[in-house]
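One structure follows; several queries about it will come next.
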Amino acid sequence: MKKIINKTEDIVPEMISGLVKANSDLVKQIEGTTAVVRNDSKFAEEKQVGVVSGGGSGHEPLHAGYVGDGMLSAAVAGEVFTSPTPDQIYEAIKAVDQGLGVLLIVKNYSGDVMNFDMAKEMAEADDIKIKSIVVDDDISVENSEFTQGKRGVAGTVLVEKIVGAAARSGMNLDDLAALGQKVIDSTKTVGIALHAATVPAVGHPGFELGDDEIEYGIGIHNERGYSVEKIQPSKELAHELIKKIMSEFSEQTGHYAVLINGMGATPLMEQYIFANDVLNELAADNISVDFSKVGNQVTSLDMQGISLTIMRADDDWIKMLKEPVTTIGW
Amino acid sequence: MKKIINKTEDIVPEMISGLVKANSDLVKQIEGTTAVVRNDSKFAEEKQVGVVSGGGSGHEPLHAGYVGDGMLSAAVAGEVFTSPTPDQIYEAIKAVDQGLGVLLIVKNYSGDVMNFDMAKEMAEADDIKIKSIVVDDDISVENSEFTQGKRGVAGTVLVEKIVGAAARSGMNLDDLAALGQKVIDSTKTVGIALHAATVPAVGHPGFELGDDEIEYGIGIHNERGYSVEKIQPSKELAHELIKKIMSEFSEQTGHYAVLINGMGATPLMEQYIFANDVLNELAADNISVDFSKVGNQVTSLDMQGISLTIMRADDDWIKMLKEPVTTIGW
Amino acid sequence: MELNLADTKKWIELFVEKVEDNTSELNELDTAIGDGDHGSNMARGMAAVTDALAKKEPSDLAELYKTVAFAMIQKVGGASGPLYGTAFLDMSKKVKETTDLAELVQVGCDGLKRRGQSDVGMKTMIDVWQPVAESLKSDNFSKSIVENALNATKDMVATKGRASYLEEKSKGHLDPGSQSSAYLFEALLEVLGE
Amino acid sequence: MELNLADTKKWIELFVEKVEDNTSELNELDTAIGDGDHGSNMARGMAAVTDALAKKEPSDLAELYKTVAFAMIQKVGGASGPLYGTAFLDMSKKVKETTDLAELVQVGCDGLKRRGQSDVGMKTMIDVWQPVAESLKSDNFSKSIVENALNATKDMVATKGRASYLEEKSKGHLDPGSQSSAYLFEALLEVLGE
């Protein structure tokens, strides 16, 4: 394992410190935590419902890279692939509450759900109005009441963008939570890996794939997927993922937003080629794509791979997706 | 070699097509070429000197990702690691000339210099006012009159940003070329690789490094550097690169801009850790950093590595670096 | 069965030792069916527990359990932080009423179930805690109880936690949280055996 | 020495063949001291030459050379596109005056020097073109002239082109552009030999 780091245990604090130093006009660190909060002048001036997200590190620019006017109010970074602790989340909640309440955007992992729940309980004890929504857009995992359910992956960034835009426009906490849930229900993602990520503390890739193999349906923490296959041309990969996702929508009419997401070590060149194939196939199927974005948004350390997210979007969601924001990573 | 591509020979046209489809509000493709030109409404409305750059592909988001209001007017993409041809550059020049002339920003490689020169000759035959500046910020290569000179690497994006801002503000062609040259002379970069890039047509990495080795001074096309060493903690890497760069500046006073650039397969996490070490050391040395940026700006396919660029900047350059732009990649 | 303050502290210290000696083993187990960090998570928690105990010597059992709970809640994160944290927090409350180990472990286990929205048979640490609690009640707590409980997780299909994404493929691997809990109860056995 | 239209076309066709047969060899040479694309670049150019010649049969030598030049300029890019393009473009102009091969190759070589701002001894294709031009003048053009010129690039330190960044380390490798130029002149020898 070769990585540009110092000590393994210093990875997250040093990363957050670097991010904040390089972007001090946009964000600042909440003292004693690895959470960052908006530092732009509008933050203090214009009241809104606070929007807080967070989770394990290793998915940068998610979440700290999406803190800014029109997106997140604060983001909490846990250890690599590990949910942050309740007290850190609690500090972020207190730092952004302006009396109008706070919405938590949580990715659906046991750890995240439990830690955010505990933080919520702490904030409620302070009489802070607080709600949470749980993103579970990864359709490669079957859902069922009796299990953990689907994972939260790349679609999270679209949820953060739309909820952030609505919060800026003055939407109240209850409506915001309802909107967020509706967005989540309309957002589906599947990812593929060409090469697994190496967790620094582990020192070797989470799983091995052959020289010509890819894995369909992987998660953003090296969670294994639903099948290992020979690599196909980009066109075929696009076709497979589109088919898998579109079959989950009950209707195929309306407007769509598309996110092509690099997993960390996949060059933009390949992402654009894949985007070309995705957008060509959707156009051929008469599916109207009104918003699309390509890039490393929700990564998995140095995983080589890509994910496709498709959202069936309301008209105003498209508008909200297109609104400018002042973040590092959008 | 596993890559998300179709046919090797279709890489560049498909990439450009994907980029343009996903960002049609910002850029459009120049017919019959793999060049892109601004497509925002301000482009037609407000006259300015055209700014055109380009070069081999594989460095995305450079250059097409920097086309937009306040940065490049057009960008020309050659084959992977291969300068574009004169006729493509010529088409881009014609597409952006609004009568005030066109400045070409060329990276210092034989191929780029020759092809842009031929395009310039073609444009001059059309009576288009045209100048070019050649970026050579990579100080890992010794300069000498009798050789090719230094390479153009990550600093190029800072040149494009400042020149683009000045062009938007109405600066004339001669002043723009002089400004660009001054910026180039004040910009120094050194890069390191942990793992070489794999050119798709070649199919294996350009060079091999041991499991604990890095190479100092590599170029963005797998050009070998000045020494192979055991990997060090990020702090030591930062120290080595800062020392190397700062010794090139005759004065160490004034304002500085810093770019920490990921080579393609290096996670943002590592880039921020490195940024933290760089900014800490510069602060300890009382070097005033007034602008900093971290991310994959000038990549080398799937190379694992990082580069550090330091620019000794005029006050108004810092302002120009901070101005908002409407590009895909800045 | 009961433990006094000094022995309970010994229990926790032995637990810390075992986790620290087996950090990479726990990471490996979690790499197979999770995200590879259970050892690092627990080691971070154990360091925090050690720090906290060094900073202030707990004056009673409630304070000792609470110190462990807070260290886990504040320093671990992930799934195991709130789980172990909740279990020990609930035990610190219960110990004000009773020092019976069977009751304490059952209360801790109930805390896991509440926090994790989970139950036995889901291939989680509950599959070690519940059998241990029962064996304490029926006075046959032993090394083989712990080992069997741990080994039984191997053939389970996970329905909670990260391993649940693997569905059928989660079979054939020990649950990492059950392994760290097995260390906890092996440490307890060592203290009781003295 | 001279070549008529048919033989010149044969010359170009043989050149195309050699480059296409050795594309990956050229890429490998360029991987060692450049950026690994000289074979792909030249192959792209050769495909364009073939296309252009298939589309329109050149009616005279000037048109033939010009067709090759334009194909290289428009389809290759990199360093080799403008270099070969300029050489053949200058030859297409010169051939209106003289069909003497020695003069034509010298004019092409001068075009390389002008376009590349370079000269002999810099470890570029000029180091093959110039000796070949001279041997044509003194009537001792042969396979060994081409081979020796090519092999001489091995010990040179590059001062132009990408290999120049390697400074001393560029020693010990053949220059890729000299290898493709060697194919060009080997093709010429084969046509002359018939």
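Lettered A, B, C and D in written order, each chain numbered from 1.
The working rule: contacts are C-beta pairs under 8 Å (C-beta built on N, C-alpha and C of every residue); 3 or more make two chains touch, one makes a residue touch a chain.
Protein identities per chain, from UniProt: A, B = Dihydroxyacetone kinase; C, D = phosphoenolpyruvate--glycerone phosphotransferase.
Model, not experiment: these values are computed from the prediction.
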Study note, to complete from the structure: Neighbours of subunit C that also touch subunit A are none
Check your understanding: Which chain maximises the distance between its CA centroid and that of subunit B?
Key -> C
Point to revise | Chain centre separation in whole Å, for subunit D relative to subunit C (CA means) | key: 74
Point to revise | Geometric centre distance via CA averages, subunit B-subunit A, whole Å | key: 29
Revision key, fill the gap. Expressed in whole Å, how far the mean CA point of subunit A lies from that of subunit D is 53
**Study point:** Separation of mean Cα positions, subunit D and subunit B [Å, integer]
**Key:** 31
Check your understanding: Based on which chains are in contact, what kind of graph results: line, ring, star, complete or other?
Key -> line
Exercise for review: Give every touching pair of chains, nothing left out.
Suggested key: A-B, A-C, B-D
Revision key, fill the gap. Given the complex, residues on subunit A that touch subunit C span 9, 56, 78-87, 109-111, 114-115, 117-118, 141-142, 146-148, 151, 199, 201-202, 206, 219, 221-224
Study note, to complete from the structure: In the complex, subunit A touches subunit B at residues 2-7, 11, 14-19, 21-23, 57-58, 60-61, 65, 80, 194-195, 211-212, 214, 231, 233-235, 237, 260, 264-277, 279-280, 292-294, 296, 299, 301-302, 304, 306
Point to revise | Of subunit D, residues touching subunit B in the complex | key: 27-28, 31, 34-37, 39-41, 44, 73-83, 85, 115-116, 159-162, 164-167, 169
